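Structures for review follow.
Shared between the two complexes below is chain A, which pairs with chain B and chain C, respectively.
Let's turn to the complex of A and B:
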């Protein structure tokens, strides 16, 4: 009887798994094949050539991956450290000041990236940063800093400030308090904020497109070029490379949540 | 440090964080008024009149709202269904919940790529239809990408946004749903009535802020629209980009008006989000 009752549930679970994983499985199959044309259900040839390009310094996909990784790592580093200090300052505000400050920090998160790109482009061009790595990095940091600041406002809302007071009463200088008390305590949130900043930059399209002016070529932009050019196998490979870091992060988070006994895992 | 000085420095830091956006908004307002930007042609409300009087703008806004509304509602219904069905702590339910959140890690541009590769007229779906003798050429496949009603775009967005809403729905069921359902059953409600009076309202109220966040994000998304949306009517982000990159400098001012419209939609989303979030807290 129980088996009969669980059959529809099993069917629905199978449907969910199929609908969720089929697109990703298709990407994997495309990335390790070539000459796969309509109406064939299987490719003519299986090959690792698309993935090999990721290791060839002359390949476009290799150089764009390097640019994407450098941008995301730099965005993660700048936004996590700046977000820590901004979040720390804002979290100590109360009343209307606190509400206004949080609303300000929310603005870079709420405004659509395309609107942000158009608003920023003129200033960055005037500063000579258009079409440059540094200009795109600045543009990526803007929304990323909004996310990390809000993240640290939440962290500092439950932070035990007495620990800092105790260190000060024991003679620690303001610098020592930050470097030897606060930062070691916030090592894990810092890593999480770094990941947040990394991900905001990693999949960014409009800001890179308008501020980079086509001269700063990241992997998401190359992926879009591959789609336009009908290069499905390369597009699938680029798509999978773009998915790996966020997926790894999701797995790590899910494992952490599981350790805490929460509901998802 | 005194409270007043600390307050002032905290506010200054917050303004520094938002200053590039504030500068961008001011620049867009000046651009829309014809005072700044490459197409500056003297201060006037001409660009507002041109954009707001153009039927293409309203078609674009309505089409964008349709896409955002349809994909948000479809993803919400699926998330509510998944949360109501897969709720046990062990076995198949737990596995289903884990798999359901996998697309959360997939960037939007990759979700759009999957849409193109699967739903286009020579995509995976068309190949399966050919193998099942349901069609003999790509032309027999109904257009699901760049189609007038945005079906492919909606499917890709539902696939991408479902995990986020499902994640919230799973948490809602675990935290509040079970207790509410037990109360309803204690009061004599059957399975269907329990779902209608306890599970559904708890899910709906709890999901509203997340739904508004998804709606706002989808309405402003560029990369999924550029790969899957049709050229007529144009989605609002695509219309904005078209005007902004127009060879005629006069069209740049129109783009700034569209930027301001997009920002207004987002700010509406933020206000609605805060309003519903505070109401949900009161209700709970």
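Let's turn to the complex of A and C:
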């Protein structure tokens, strides 16, 4: 009976291992090996050459890492703040207006990234933003904003609006209400939305490729070039570098969220 | 001459096709405690929210402290609205919560500190100033909310059922805190409650709101002794109703005897309404009665009495020696008797 009960738990654990830990283990193994062909279960040779090679192309990697970080940080900041205000506005709409607004927020999330890229490429190129950091940032913010807006619609669905009324009745202007009450109360979801926006941008390839026109080089693009050149071991090594910032961000977010506690009204 | 804390002139509120408040005209003086009672859904909370500026009236004029407030946003009205359950800002300490209204008014640090200290001391919350709201009890939260409401000294305090969620001991505690807050600088108070005891204990005047209309405004004594209509008397839960006839000349005739009434109503079937306190027992009364049931409360005793053709509820001091089955006589204090024509369709019992 106990064995039957623990089956789903075991299944979930296996899924977790296969979906996340195993690919990561492969990445690590690929990054420190050179000959690993089918049907060998393990690499034939262990080496630090891939890391050496990556270090030697340090300027390119560092530059792309810097661009990726700048894009992701800016996307996180812009999309979390804008998402908060958009979500707040949408949550206060009644009836069909609210439903239409939620559907609009869903659009950039629901449309496949490639289709979205093509649509955005046309408009951003017309605006002269093709191949520019600002253009790529704008493109990254579009899907990120969709996610953060929907996230905040959910947050504001359980938000006690009376707390804002109370502040206004005590003499707070609408700006004071936002700055002194709403934003401080929503510190935790803001941190989470920032992380969400960061992650959406960090892993973005099609939008960066089409809007950046190869002139804005991010780490995922470098990684893609290694993959397309068949340099699997180097790609795995760069992939590990790509993995570190979001993991670090998740740790920082988890710590921040724990420290901030749950102070939603 | 000082203008009243609140003046409402023909204020109406509609939600869709439904009329919530109809031609509300009301004046509350500075320092006056005005209590509104009314059944659920009668528009009490809407009335407070329209005064506070959270609901836009369809018509009419609202003046707060002599200034037109009809089109003024809530933060610019000289009034503070306190919700039924105290809403303290959970991310601020007690001190920061109470300082909030002064900080948004950009008062200097010294003055803020001084006024916050005084308000907290008045509410006996000074030693809790560094605590977070989540660590306070329900009564302490109410006290902090009251301190925060009065610290900016608004001309008008709007209190929505401030005692409804409290147990009896806490209710008394918060009621005293409210009176202490009021005595700080005597703002006009409009308080909504379901509880007639709270209303009588706080109010200078009570307004009865039924279906969006103020049907009677009177002092507590006058309201409970002389309700303006049978509907109000029934809403006020005045325990005794005796059917009889009016002779059209100011006399009410019933099984309890004939009584001269203060108001003259047309001849015909009538109902006399009176509270248990209007019934005098055992003083050579006109009507024989038998004690059916004795209910003992901390501050008084209630007797359920059987009389010819009906029952009466009478109040006597705590520790009364009456017991079920005792024979006695009863009479009525005519000053506490309100007589109304029998409503159409109702038969004399």
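What to note about this one:
Simple rule for what comes next: the second predicted complex is superposed on the first by the 196 of 265 C-alpha atoms of A that agree within 3 Å, B and C clash if a C-alpha of one lies under 4 Å from a C-alpha of the other, contacts with A are read in each partner's own complex, and residues count from 1 in each chain.
Convention: a contact is a pair of C-beta atoms (placed from the backbone, for glycine too) under 8 Å apart; a residue touches a chain by one contact, two chains touch by 3 or more.
The structure presented is a predicted model; accordingly, all values stated were derived computationally and were not measured.
In the superposed three-chain model, the partner touching more residues of chain A is B, compared with the other of chain B and chain C.
Shared-chain residue A:145: touches chain B; no touch with chain C. When both complexes are overlaid on chain A, the residue A:134 reaches neither chain B nor chain C. When both complexes are overlaid on chain A, the residue A:6 reaches chain B alone and has no touch with chain C. Legend: residue contacts after superposition of the two complexes on their common chain; A:162 is shown touching chain C, with no touch to chain B. Residue contacts after overlaying the shared chain place A:97 against chain B, while chain C stays out of touching range.
Judged by the touch definition given at the top, the superposed model places A:41 against chain B, while chain C stays out of reach.
Residues 263, 265 of chain A contact both chain B in one complex and chain C in the other. For chain A in complex with chain B, the residues that touch the partner chain are 6, 9-10, 12-13, 16-17, 19-24, 26-27, 30, 37-41, 85-86, 89-90, 92-93, 97, 100-102, 104-108, 110-116, 118-120, 122-123, 138, 142, 145-146, 149, 202-203, 205-206, 220, 223-224, 227, 232, 235-236, 239, 242-243, 246-247, 249-250, 254, 263-265. Put simply, chain B touches chain A in their complex at residues 6-7, 9-11, 13-18, 20-25, 27-28, 31, 36-37, 82, 85-86, 92-111, 113-114, 116-118, 122, 124, 126-128, 130-131, 138, 159, 167, 170-171, 174-175, 216, 219-223, 226-227, 237, 240-241, 244, 255-256, 259, 262-263, 266-267, 269-270. If you check the complex, the residues on chain A that touch chain C are 160, 162-163, 165-174, 176, 180-181, 184-185, 187, 263, 265. Within the complex formed with chain A, the residues of chain C that make contact are 52-54, 73-75, 79-83, 87, 89-91, 100-101, 103-105, 148-149, 152.
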